[in-house]
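Got a structure here, written out as structure tokens. Questions coming.
As written, the chain order gives the labels A, B, C and D, with residue 1 at the start of each chain.
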Amino acid sequence: MNDGRKTAISAEQRADIEAQRAESHTTRRATVPALEEVLYEPYPVLDHGFVRVIDYMGDDDAIVQSARVSYGRGTKRVSEDKGLIRYLMRHRHTTPFEMCEIKFHVKLPIFVARQWIRHRTANVNEYSARYSILDNEFYVPGREQLAAQSSSNRQGRGDLLQGAEAERVLDMLRGDAMQLYSHYEEMLNEGEDGRAADPSRQGLARELARMNLSLNFYTQWYWKVDLHNLLHFLSLRADPHAQYEIRVYADAMLDSVRRWVPLAYEAFEDYVLGGARLSAGGLAAVKRMLGGETVDQGESGLSKREWQELMSTLGREG
Amino acid sequence: MNDGRKTAISAEQRADIEAQRAESHTTRRATVPALEEVLYEPYPVLDHGFVRVIDYMGDDDAIVQSARVSYGRGTKRVSEDKGLIRYLMRHRHTTPFEMCEIKFHVKLPIFVARQWIRHRTANVNEYSARYSILDNEFYVPGREQLAAQSSSNRQGRGDLLQGAEAERVLDMLRGDAMQLYSHYEEMLNEGEDGRAADPSRQGLARELARMNLSLNFYTQWYWKVDLHNLLHFLSLRADPHAQYEIRVYADAMLDSVRRWVPLAYEAFEDYVLGGARLSAGGLAAVKRMLGGETVDQGESGLSKREWQELMSTLGREG
Amino acid sequence: MNDGRKTAISAEQRADIEAQRAESHTTRRATVPALEEVLYEPYPVLDHGFVRVIDYMGDDDAIVQSARVSYGRGTKRVSEDKGLIRYLMRHRHTTPFEMCEIKFHVKLPIFVARQWIRHRTANVNEYSARYSILDNEFYVPGREQLAAQSSSNRQGRGDLLQGAEAERVLDMLRGDAMQLYSHYEEMLNEGEDGRAADPSRQGLARELARMNLSLNFYTQWYWKVDLHNLLHFLSLRADPHAQYEIRVYADAMLDSVRRWVPLAYEAFEDYVLGGARLSAGGLAAVKRMLGGETVDQGESGLSKREWQELMSTLGREG
Amino acid sequence: MNDGRKTAISAEQRADIEAQRAESHTTRRATVPALEEVLYEPYPVLDHGFVRVIDYMGDDDAIVQSARVSYGRGTKRVSEDKGLIRYLMRHRHTTPFEMCEIKFHVKLPIFVARQWIRHRTANVNEYSARYSILDNEFYVPGREQLAAQSSSNRQGRGDLLQGAEAERVLDMLRGDAMQLYSHYEEMLNEGEDGRAADPSRQGLARELARMNLSLNFYTQWYWKVDLHNLLHFLSLRADPHAQYEIRVYADAMLDSVRRWVPLAYEAFEDYVLGGARLSAGGLAAVKRMLGGETVDQGESGLSKREWQELMSTLGREG
């Protein structure tokens, strides 16, 4: 799973992870070998971040069981289970998908964490910079991500910055972050063993010093969520309109979902990720076109923007 | 665990349960032997109900790990873990307790389900009487629960009904429920193999016929909740002010929690179940009494009701 | 608004409502005259139920303001506001819609309340049958709702019951409910002024006696919800697949939304109520058809059920 | 309300606020003159922040009405209403308090926003730095807040920094923030009228440039919450253990609550803010002391920390 990129895992952390991966217990609970395989293993994201699954509850069968409120495994033939899961997804019967739960450990830049936390139906425990000292790790975009403001979409990116301008931006991002962290350490004034680094000074409280770090510094948290709410998160954050820096986390999590609940994942791909929504006006236009009419934007009743979006959905020239 | 009382488990359901209990998987996840021991096993409650744990995620260590956002097991000495868990509980740092999750299968009278569902921070999948036919099982209180309205508490029970009055009540409850179910079946008109029981009639839609059942009929659901919200539920529903018929479910779940997360349970017992809240006025009165003053209700500034509650908390004569 | 149907409003309640409608206050808050017009006024639903709006916060402008996090009214031209609201709805930017809040008082059969309460993101205060005595009001379906079980949809209704069978069902529903309420009263044994009706008996506690009532008895609650979650509720419960008895409440609330936030309502109608979702497979089939191919179910890769649903969406013969 | 401190309100914003304050509408809704008085008016917090109430729903009566599920104003005598509200607060009947809703506009440092957002049961719309450009406003603590790390509490503050050390910290905080903003502007390269400030460069996308700002920069949001969840937030954030920079916001909001729902506020002060919780062990110790025993930490069974906390609660020497 590790593609050789540098991750943020220290030797000590790696040893902790290996120790946990080496544990083996006997359980009566539903267990998913394909997910167990990568359990606890960090999946690198961005330059110093990662996502790793650290616990899970339930599997595809648990969705079926709870839909049937059954006493046992509740599974009939695989084809029936698959059909039931597809039916539930298609008709937005969401509660059976809430019966599966997953817990991630995520390391991510603070500005990504601030987007992520808007999804409220999850449990979060974040590393506390009131209580502890943050590591000297910050995100700097790769050149292939260093984009100008989009001219057409106020929330998006346009062309890549070139040459000297790109260089200058990277220098500022790197230089500022390094200076901030150095000042953070100086303000904290904490040395080995809890003593002051410079005994002539007191050192600023951690809860204050942290305010000098910028939004590209990495934080980390435990994030626990049920499958329904995870899929909702992924439908928004694995979307092309999502900011790249959160989308790569969503992509990594999609892989976990595929391993964990393959039938639910397939239904999700078919009905949500790969599907489309039509407005009343868009649907009316499609019906007319299917009836053989030629419809253009003007007479469709749709705005230009909506018409473009419809044509793009249908894979046609606007 | 089963004390020989009749439960609502059919032979077929029992076989399903045994089959699931017989399964054994290997997992890298945190596993709790004391809870595995009773996994899937129904714990009888009331005359036909039960609670059974059907899945769980995490253990006491998971609380500690998430509080420390650690990479590995994160456990130090047991005494430190215990101290940390007590600290978290005492200072209402609730998010680490949200990192454990448990799933119950519960069979319960509908009027109990209606109280229970007010707790919104949980996932529920209820047996659908729109889709399926409810069983002929209804709750009838035991004689030791057949109480008159309390004269002091508009929400509570007073003395037990006696003799003929008790008999008459039990007869009405039983007789009405039997008649309702018989009419329910007649309206449904469903026989073997999906054919009409009486071919000369159509049978009423299930979603309509169910309205003729009374609130003491049993329903069932899967209920999944995190440990923090479960403890909050239990603090309200295992309380002496809760209605007896929901309190017995809470009591059964307390036993599951004790098996699952013994350190968290002990802290919960000490700080919540066995603890007390004092109002500003109550605290002022206690301080004066500790200073040697004799304080009575009149000069305490508390209302009569509040004074009684304070005296009761302090184990003193009012 | 009142179409002359009998409602469940007593003379005393009517006087309370009129007194509240007669009040007039001066406020700096956003105010919506079209909703003020019907404020507090019950809108009859089913045979004894109603919905009435009893408070609200915000209007279409509040959506715009919060999307812009503006200091003042924030409104630009009406056309811009409308465009922004449509954009937010189309791209599922849901948080601005959460900035409007509405509070309903609803009287509804218990089996409808049990479906309704599954929507957890709302505030509810229900009339307590532990504390108070329920009225003698129960729902009996009209003949035009007395349908047989659907043969094609396990959750739906088929043909109407006819003649003697319909008569028999109505007799059972009415007769059973009347008997239950009469036994409920007998068990309670409460007379005037809190004295026992029959002084030789104690009377059963309210929290127990209520279990003898059936699911078609009416309860009532205050239900408060934000606009986003209300629209989600309505998209599921005003849907033709919803059970008739909850759909009529959803329909009544749609009318309130139209009065309250006409721009948001229009966008909701266009993008949600009147729109459609296509799966990946359905979209692929539409693209091929638009390209001039003849596609049938077999080669579409869709199941029969999905194909029928697609044809129905597109208004075509299957 | 404005004490003459510099606020972050521009002349244009002030005009928007005044325009909104000048509006006057007629409504049938419950209206609270004491809150209307300060509606829309910013209450300054920290060096550039504020809190202002921009909408509300309900009042003390609404709590009473919903507890009684009444048809009209539902108010009896004021003393009865007060008693009912106190009863509800004392016995944690929280749902009636959820029937009141309030909306704030808050300007606050990002590190405060990150603490605040952990409270999930609220609606939030934050100013988007993906979409818009943040203002050049950052928080610098006053000297009386510039504290060293506490030696006894890993989450708290100790003595104030003195002289040169304080000076050096303030210089770093100010200097770094100014440099960051200057680089932010340079990276954005946005001039008047949407043209590039420096036409030879493109300018970095807003969603990227923002990552160079530090956590003491101000953001702003609309925050809407029900009274129950607001009181819970305030019980944690107006607490002496909360970080000073969020506590000042909580204090400002306490004033709004006092104006809005004076009876609920008084009950909250008495039962929550001014009250205390005792553990089972703490309660046992108090009972023994009241019985005349001398109890010390060793024989109390409490840990040193818990004993100190108990003595502090009781206002006694440890």
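Operating definition for what follows: contacts are C-beta pairs under 8 Å (C-beta built on N, C-alpha and C of every residue); 3 or more make two chains touch, one makes a residue touch a chain.
Predicted model only: the values in this text are computed from it and were never measured.
A.B. asks: Could you tell me which chains make contact with chain C and chain D both?
C.D. replies: Chains in contact with chain C as well as chain D: A, B.
A.B. asks: With contacts defined as at the top, give the pair, B-C or B-D, that has more of them.
C.D. replies: B-C
A.B. asks: Report the inter-chain centroid distance for chain B and chain D in whole angstrom, where each centroid is the mean of the CA atoms.
C.D. replies: Whole-Å distance between the two chain centres: 35.
A.B. asks: Chain B to chain C: how many Å between their CA centres?
C.D. replies: Going by mean C-alpha positions, chain B sits 29 Å from chain C.
A.B. asks: Multi-chain contacts in chain D: which residues touch at least two other chains?
C.D. replies: Counting only residues that touch two or more other chains, chain D contributes 95, 118, 124.
A.B. asks: Write out the stretch or stretches of chain D touching chain B in their complex.
C.D. replies: So the residues of chain D touching chain B come out as 83, 90-92, 95, 118, 236, 241, 269-271, 273-283, 286-287, 289-290, 303, 305-306, 309, 313-316.
A.B. asks: For the complex, give me every residue of chain D touching chain A.
C.D. replies: 109-111, 113-114, 117-118, 120-121, 124, 128, 130-131, 139, 141, 145-150, 154-159, 161-162, 165, 169, 172-173, 176, 179-180, 183, 186-188, 190, 201-208, 210-216, 243
A.B. asks: So in the complex, the part of chain C that touches chain D is made up of which residues?
C.D. replies: Against chain D, the touching part of chain C is residues 9, 13, 15-17, 19-21, 23-31, 36, 39-40, 55-58, 62, 65-67, 69-74, 95-96, 98-99, 101, 103, 105, 123-127, 220-222, 224, 226.
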